[in-house]
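First up is the structure itself, then whatever we jot down about it.
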Amino acid sequence: MLKIGDKEFKSRLFTGTGKFSDNATMKAALEASESELVTVALKRVDTDNEDDDILRHLGHERINLLPNTSGVRDAKEAVFVAQLAREALGTNWVKLEIHPDPKYLMPDPIETLKATEELAKLGFIVLPYIHADPVLCKRLEDAGTSAVMPLGAPIGSNRGLRTQDFLEIIVEQSNVPVVVDAGIGAPSDAAKAMELGADAVLVNTAIAVSPNPVEMGVAFKMAVEAGRMAYEAKLAQAKNFAEASSPLTGFLDEL
Amino acid sequence: MLKIGDKEFKSRLFTGTGKFSDNATMKAALEASESELVTVALKRVDTDNEDDDILRHLGHERINLLPNTSGVRDAKEAVFVAQLAREALGTNWVKLEIHPDPKYLMPDPIETLKATEELAKLGFIVLPYIHADPVLCKRLEDAGTSAVMPLGAPIGSNRGLRTQDFLEIIVEQSNVPVVVDAGIGAPSDAAKAMELGADAVLVNTAIAVSPNPVEMGVAFKMAVEAGRMAYEAKLAQAKNFAEASSPLTGFLDEL
Amino acid sequence: MLKIGDKEFKSRLFTGTGKFSDNATMKAALEASESELVTVALKRVDTDNEDDDILRHLGHERINLLPNTSGVRDAKEAVFVAQLAREALGTNWVKLEIHPDPKYLMPDPIETLKATEELAKLGFIVLPYIHADPVLCKRLEDAGTSAVMPLGAPIGSNRGLRTQDFLEIIVEQSNVPVVVDAGIGAPSDAAKAMELGADAVLVNTAIAVSPNPVEMGVAFKMAVEAGRMAYEAKLAQAKNFAEASSPLTGFLDEL
Amino acid sequence: MLKIGDKEFKSRLFTGTGKFSDNATMKAALEASESELVTVALKRVDTDNEDDDILRHLGHERINLLPNTSGVRDAKEAVFVAQLAREALGTNWVKLEIHPDPKYLMPDPIETLKATEELAKLGFIVLPYIHADPVLCKRLEDAGTSAVMPLGAPIGSNRGLRTQDFLEIIVEQSNVPVVVDAGIGAPSDAAKAMELGADAVLVNTAIAVSPNPVEMGVAFKMAVEAGRMAYEAKLAQAKNFAEASSPLTGFLDEL
């Protein structure tokens, strides 16, 4: 079973709360997905209101909240927001997102490493969103990260696993769980990430913007399970030559 | 529900019987996959023996046999084998496979069209294995085919959907079910085929040669369902720009 | 040197005459490309007019005309047009294009084979535009074709070599020159086709619709030469592991 | 014309000196490539010997040396080696390569940024080899880098432009020249890098390990020029629909 920090997860599908048309749809889709870890931007939480609407919709006992630092531009801001989130939501889990560039939202490797170091020292369970950079992943391990979240493609692009070559190296080398984040646009992408050995995937946009988020949540759930099962059962390698599935030669000659 | 000829299928995963280590494993994997249509090379059936072993292992009530013509080199041989199969197995279904080239097993478009015409006239339910050729698919329709089975990649290569550009055109234009056959090496490939609108997939090698064919059968079953559900729920398009899943700008400024 | 029928070609870049903004630009671009074989739709030729404008612009001594049958829907029409072209233009060369579907312009394998047989008997040098179907290529050889022209991607799509897996098989098996036609959108695509062993490429749209067709003609010329040279010099294989270009270990230890 | 630091380059093909079978072949291939910037591992230079063999083979007046720090594991070692190289070779140019991992040779973003800052302050012209990380590129600019050298694929893998999605973002955002380094296995890859707007490419393995390094050097030279010319002339976009190059409808109806 997947374990991050001190928690065990039956589901390897992590989800997000952005871009849904409304909170009721979000709630229904996330429950259908059976996701146990759901990221939420601290900004969206009304920290002064005990009955905050988004939190009320995430109240399912299966769901663990993963506050993210979306909107911060450097390590200092990230640490501050993580502390706010800990106080407001009562969790020491944090998804680090530090992207100074508002157009492509690519993560900053330097500030992310710095923030990971600090937050780990402060007792946080840190899951940093990063480029699919194998060396950065190892340095984050040294800094005390609890998982790494390399991107598959630019956030929200739905382009799938454009970083596959590097994800394979990361999976091979990692001592912490690898969660593929960003770019996963279809269940087949999620299945592929699991097939190549990722420990989990985080999907948000592809579920939220589908015309049928609930069905799409189920589709991703099944695809993640299928991909994981295939990884465990082991796939055959791609071949350079065709090979007959059925016996071939001289069939009629033998009749 | 998928309908081919006069039969309805709950499962959109068709399977094959080649390359399994033994018949008991084959039986277990095919049952686990919940496949309802299973292709078998006529050559492997001992037509003189009522207790033929491979058939006995395919005796599950859910399973319909789809005899294939693997090993024939032209339309004449194919028609002959289809007739033998009808007599031996009591089914008018036939998977046409005409590949004169023993190395790459690529199908012959000319002989396949000719055999389809003849077999349709003879009352067969014909499912021809073909290159992903959109015009050939339309001509097979005119000739009375019951489905088309374009390849994803060379047989047994496990390379996935290398013909995607053409499968999309075929799906858009087809009036008969489209079954993607050959090349599907992983559940993610099967899911992708379904996402782009295929009516079913045929998987053999990837299940049969896995170290754990039973688990792999289940993985494909789930992936096919996931891909079909995503197709029905509708996927978002791939985008050229990243888009934040979480709200972005000016977070800290507002605190 | 490339030989098709009885002609030898220094240039392995074949070109087309469609979509240029005007004839003067076309003339300049084709001359800059140093192309020696230029396809032209018979329809565009004013067969009653000796001073037909498009032909006047193709009058360079290096240029051989390759009339095409664009617009025909079956073998009968194709043979008729080829004969018209022979009379009007005084050449027995013909590029067969039979695409009944006006949307995707995918070629018809059955009619193309039929027309090739007839035209070869009638003494034509036939270059058929086809899907990247290895078995069809072999049958066209048997029918007397002088070359095969498999597509890289749908005409005008500029998507590059989407049929690479099949082009490789075609190149390996072919006894006549292989000319990759359609889909080549950039000089890098043309270079890649040559690297994998194509004998020539045909490029039209990518040159004609560029804002600078003359420069683009030169760029394609160089790319085709580069790709061919690399094919002859032999490329190294793609590897699964990184390998240092520079010596690595223990550098400082040795100082 | 490409300008890096205070030097102008006619050639946009940078090369390396590793893996050649012998120095004479290296010399011939590099001269044939017309490369003006050639990277050499300091370790390979015999700094005590004025007649060092490798240097003597790089003595062509067109060639500028670019010593690299291959073999170092952190910023401190890199700065030290850069200083040694400056003294030994009389150049303040340096290609930063810091890869602690001996298997995949992926570069370290943190140490590379640190070394770039220091070396820029010490008056070096720094060209850092990095992952295709758009944010890191911007930070290197702030640190005073003279160019960025993002990788296309793991070093020596010959897999081509696996990082294309990210190279496009880097090219769009960069204020310093972008040199694609590593992974370029064929002239078509080099052409593609140039087409998408890279300022130059660095090629080593693909030339050095070819059975014909001299011809391969020429092939890369032409491909780089072709790709650059296409970039300047502007390519058409890939399209989702086929479009006829030749006029289509109703041809025979009009006859």
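Quick notes on this structure:
In this document, chain identifiers A, B, C and D correspond to the written order of the chains, with residue numbering beginning at 1 in each.
Everything that follows uses one rule, which is that a residue touches a chain if its C-beta (ideal position, glycine included) is under 8 Å from a C-beta of that chain, and two chains touch if they have at least 3 such contacts.
Owing to the predicted nature of the structure, the values given are computational and were not obtained by experimental measurement.
Path length between chain B and chain C in the touching-chain graph (shortest route): 1. Put simply, the C-alpha centre of chain C and that of chain D have 32 angstrom between them.
The mean-CA centres of chain B and chain D are about 45 angstrom from one another, to the nearest whole unit. Touching two or more other chains at once are residues 104, 106, 154, 157, 159 of chain C. With chains as nodes and touching pairs as edges, the resulting graph is a single ring in which every chain has exactly two contacts. You'll find the chains touch as A-B, A-D, B-C, C-D. Interface of chain C with chain D (complex): residues 16-19, 39, 41-44, 68, 70-72, 77, 80-81, 84, 97, 102-106, 154-160, 185-189, 191-192, 195, 204-206, 208-213, 215-216, 218-223, 225-227, 229-230, 232-252, 254-255.
Of all the residues in chain B, the ones that touch chain C in their complex are 99-101, 104, 106-110, 113, 131, 133-136, 138-139, 153-154, 157, 159, 162-166, 169, 173.
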